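Everything below concerns the one structure shown next.
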Amino acid sequence: MPVSPIVKISNLDKFFGRLHVLKNISLEVPERQVICLIGRSGSGKSTLLRCINFLEEPSRGKIEVDGIQVDAEGKGKEQRKLIHDVRLKTGMVFQEFNLFPHMSVLENVIEGPVTVKGMDRKHAIELAEQNLDSVGMLFKKDEYPLRLSGGQKQRVAIARALTMEPRVMLFDEPTSALDPELIGEVLNVMKKVATEGMTMIVVTHEMGFARDVADRVIVMSDGELIEDANPDELFSNPKDPRTQALIDRYRSGEQ
Amino acid sequence: GGGGGSTATDLLGAVKERGYILVSSDLNYEPQSFPKTDGSRPSDTACPADALTSEEIQGFDVDVALAIGEALGVETCFVTPDWDLITAGSWADKWDISVGSMTVTTARQQALDFSVPYYYTPAVVAVAADSGITSLSELSGQAICAGTATTYEFWLNNDMEGLGLPEASVYSSAPEGITVVPLSTDQECAQAIEAGRTDFIAYVTSETVVDANIAAGIPVVKLDGAVYSEDLAAAFDKSSSLPTDTLRAAVDEAITAMHNDGTLSELSNKWFGMDITQAPNQ
Amino acid sequence: MASITNEGQMPASQAELLYQAQLRKERVFRMHVGISWGVLFLILIFLFSGQHIEFGGFTFKTINVDSEFIFKNITFIAGGLGQTLLISVLSILFAIVMALFAALGRLSKFPPIYALSTFYVSLIRGTPLYLQIFFFFLALPQLGIVLSGIVSGVLALGLNYGAYMSETFRAGLSSVGKGQREAAMALGMTPGQTMMRIVLPQALRFAIPPMGNDFISMTKDSALVSATGFVHELMWRATKVGRAQFNSLEALIMAAMFYWVMTLILTYFQSKLEARLSKGDR
Amino acid sequence: MASITNEGQMPASQAELLYQAQLRKERVFRMHVGISWGVLFLILIFLFSGQHIEFGGFTFKTINVDSEFIFKNITFIAGGLGQTLLISVLSILFAIVMALFAALGRLSKFPPIYALSTFYVSLIRGTPLYLQIFFFFLALPQLGIVLSGIVSGVLALGLNYGAYMSETFRAGLSSVGKGQREAAMALGMTPGQTMMRIVLPQALRFAIPPMGNDFISMTKDSALVSATGFVHELMWRATKVGRAQFNSLEALIMAAMFYWVMTLILTYFQSKLEARLSKGDR
Amino acid sequence: MPVSPIVKISNLDKFFGRLHVLKNISLEVPERQVICLIGRSGSGKSTLLRCINFLEEPSRGKIEVDGIQVDAEGKGKEQRKLIHDVRLKTGMVFQEFNLFPHMSVLENVIEGPVTVKGMDRKHAIELAEQNLDSVGMLFKKDEYPLRLSGGQKQRVAIARALTMEPRVMLFDEPTSALDPELIGEVLNVMKKVATEGMTMIVVTHEMGFARDVADRVIVMSDGELIEDANPDELFSNPKDPRTQALIDRYRSGEQ
């Protein structure tokens, strides 16, 4: 029984000035799948991810998230409404956490539901506490972000995104700004979210995570998707020589 | 400024030694003293670089100062500090004398010495033309404007001590219950009425200024009769580091001579269109 | 992390000694700075003490101020504090509103709004505050808009400071990282919500220290408003008594003392506020 | 990284089209802003055009300026530009020196130096600029220090701006990260070498934009120096001809235009300079 | 034939306020040895490293570098002279590179020799070019730091330190601020420096590097040196349970 994909990217192009950063990208992500996006710096991973929720405006092509279809070349009020709807369907976690420093942990997490969805404050708090608990951060709910470690911040950021009850979670190198010993706690939370059935697209350098958790690993190079396979296959037997080179680089860094 | 390295023991000697006299004047008033906008500094002047020459400013006061310089046998140069720096004394030897239509008052005499008067102006009240007011008593309870720290402000405040004129030259007292509005100069008072402000409907200043205002099209009329008369004279700083008495005597002598030979009357007619160099009620 | 001393090889008392020594060093520095300030303040007072000092053939004079005048007039001048503060507070509030609009307008993608905001800032920063006050007081009535002295003063000051302050706000807005906006947008916030709930609160916090400085200089610039004749703040009173009694220096020094004390108090609160903000949730 | 289009699926010409469309959008925005500025400028001129407009029973007047007066006096007022610029440049240079000393003094560990620098900044920022000019011109001579009008003006302005600017420098110094100092120290540089070769060059670059702003407001504050009577800059000329001929508004508008144009030119160079600095090696 | 150590730390204590960060540390480093310092965040690794060249003032104890002995409690001009001499004997490489942004690459590298040692400019340039070449950065010598990648910056920073001809090189997490794929190039340069016989003390999270290059790995915890062994021994058979925990953490991050 083939399910229709929850995210569908069709013929996406993105230019920065004259720079062609995404080249006619098409990609389908079925529900509950966990995808890891890897590739060299500057290959366009972040740009692709950010095009999905229109933090970056694609130059042309179509994005569809949970049935909402947006054409890059749409305009005006209707387009803004569509983009808003897509954003409600997606949750995003950034490398730099981007918690709101002037709000406590709890306020950070209820900000979205209350302001954007107009959710009743009490209900929002309930939901927020539930999600903070599931990332193990409930005990810091009245703390301000300043006082949290990097790993704790990122876990709150994940709870904040989850509390909007998105259909898809987008992660852009969620552990790159962390001290090595804090990476584990964030990866564990992400694993947990994955096992609970969330659809996830994760840009990452963490090969261990890709191997253990991803259903598919997609390799980007120079704005194109050059390989798309399950992790075991990809790591043991890469088809593209560029993938091979990438994997070798990671190995040498690790050793 | 003046002084510095001189051997003179009095200000007159210093002036003669350096060959010019430094006169302070307030350039806010036409026709007393105002910029000559098309003038330029002559090349052969002895005046210091930061002082103005007779080619750059003009007016009745300026001509009187020039005549004084001539009588002393020196060139006349001008500086233009704020008026209240002049009237406050303590000039720190920055200039020698003020020839700026300064009213002789007892208060000012604490800080300044005065020459004999070189002309006399009646102070009058100007009212907005559309106010319909024709006498002083109708101004009771109204707001009236004057230049800050002028004799006109003292008169409006009924401050006879501050005004410091001999009783004989004060003809009437200020109306009852008025509000005094002091602006930077009386020219601002005139311009406020011209602009259509209604904060006050009258101002007090010298008759010559009001005449000039009316000639310039400012919608005011003079109330009949001067409210007092002022003696206007050259001033010297009491705190000068060199004695000024010899200079003062020389200036007195020059002014008296100009009174006597009609020079002053001629200048008055030239600038004011009438002779106001004769002492009133004497 | 590393815990308190007593598990190390060094006994706790020695750790405490080292720590106390460090604290003492800081205390001594602060004390010496305080003493030096005291000495400098005494030198300042000495400069104005009117001493005549002779040693050898060399005489040295210091500036003479009339302390009797100061005691007599201090309460009169102090009476202007209220007006000074009132005008400053009103003007700064108005300035904040203007600055906010100008800074937001600068971010607008709608050309007329963008142009209006840059035009406003350029025109106001390009012309003297004095002219702006003059304009509100004397030119606006010609358009049929007659404002009282204090209102035109507050409008002019507020518009003026608003233009300068808008640059501060702009810096504040751009100090809020792009990541903050993106996080808000990713949550589905509208640009308006993002601005009001995420960006502005952080930008204002950033802008508070320079706003404190603006308020401090506003207290001094508010003196210009007295040129409109209806405002009798600190400087106006000082100039007035100074002129009337030929003690401008003394009067100005008194005003300066009040301004300085006001500045010190404001600076103190400002640094408290800054410390609180930086300790807080940033 | 990602290379130029022609290896993608989209033909190069289409990529170019998209890029050109983007450029066009920016150009259109700039053009519309320009047009809006023009309209605003026309509105400004209209406000001063002295129109009487009637529609229905409603009449609307705009401000009347005397254009004949403007043409007659424009060269006279423009003659003050040189002095304005001269004083501003000299004062700003002096201010930079003072600010540098004050900012470095603030970093000193020697209490008297630290105290001197904070005392200076506090005293100057706490008191009005006008008093400081007055002090240098008329009080300092009592200490036997006689300065010419322009020198006392430049000293007062320089000291005043130096105090404010020292805060800018301090911010500049602290904008240079601790890492830079540590890297220099690790190389064995002395604190002096670290300051001169590593920290200052970077701090100055940071301080240039606010210094540009200071220079722009200095052009306006330099007008205060004319109170001493020996300086005849833009604003002095405007006030004097304006008052003498009852056209203060016109005269001030002329001065404002000169200031504005000066500001626009300076702002232009400032933004060029900033762009160069930020594009450079930062 | 026992050689006297080139770095000798004796009974070093360091307090920040009341916080006891280094606790009676003693350590000897023989010439040509490469030491890796590992430990949890906050354990005092950076502080120890920075005490060696007095970027941090130790509270008490002695530091000796190449025969120059400095007592933490010394004072005055003489002490400053000693510290200066120690700094000339040590080169330091920081996590954040700390290149001077207002100087070109070459100017960065000759700044030390010319300003500090008063070396003739020509000679300094020769030496600088030699070192830039050996880190593979000669081709960028006229570029400004802004235009370099992180890896390139760090290689320049290493050349800058080498050009002072120090006896000991100190590295404080030299690769932590780098993108994963740039880490390799810096580690390779460090390897090269090591094989040329430089004495090195390296604070690092790169276990691969520690395994391959270090002669000794020292583990810090809570301001104390808790283990000191050669890498094979340490990784395969840690004695202290805290070392074990640390190694496990790194493993979980890697996988």
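Letters A, B, C, D and E mark the chains in the order given here, with residues in each chain numbered from 1 onward.
Note that in this section contacts are C-beta pairs under 8 Å (C-beta built on N, C-alpha and C of every residue); 3 or more make two chains touch, one makes a residue touch a chain.
Keep in mind that this is a model prediction, so the values were computed, not measured.
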Set of chains whose contacts include both chain D and chain B: C
Between chain D and chain C, distance of the C-alpha-averaged centres to the nearest whole Å: 18
Computed distance of Cα centres, chain E from chain C, in Å: 46
Intercentroid distance (Cα basis), chain E paired with chain A, Å: 37
Between chain B and chain C, centroid-to-centroid distance (C-alpha), Å: 40
Two or more partner chains touched - positions in chain D: 138, 142, 248-249
Of all residues in chain A, the ones touching two or more other chains: 41
Where chain B touches two or more other chains at once, by residue number: 85, 90, 188, 191, 195
Interchain pairs in contact, sorted by label: A-C, A-D, A-E, B-C, B-D, C-D, C-E, D-E
Chain B contact footprint on chain C (complex, rising order): 137-139, 141-142, 144, 146, 148-149, 227-230, 239-240, 242-249
Chain D-touching residues of chain B, taken from the complex the two chains share: 1, 3-4, 24, 27-30, 34-35, 37-38, 50-52, 79-82, 85, 90-95, 185, 187-188, 190-191, 194-195, 212-213, 216, 218
Chain A residues touching chain C - in the complex, by the definition given at the top: 53, 55, 84, 87-88, 90-92, 94, 96, 98-104, 111-112, 115-117, 144-146, 160-161, 164
Complex interface listing, chain E residues touching chain A: 40-41, 179-184, 187, 205, 208, 211-212, 246, 249-250, 252-255
Of all residues in chain B, those that touch chain C in their complex: 84-85, 87-90, 107-108, 110-111, 145, 148-149, 162, 181-184, 188, 191-192, 195-199
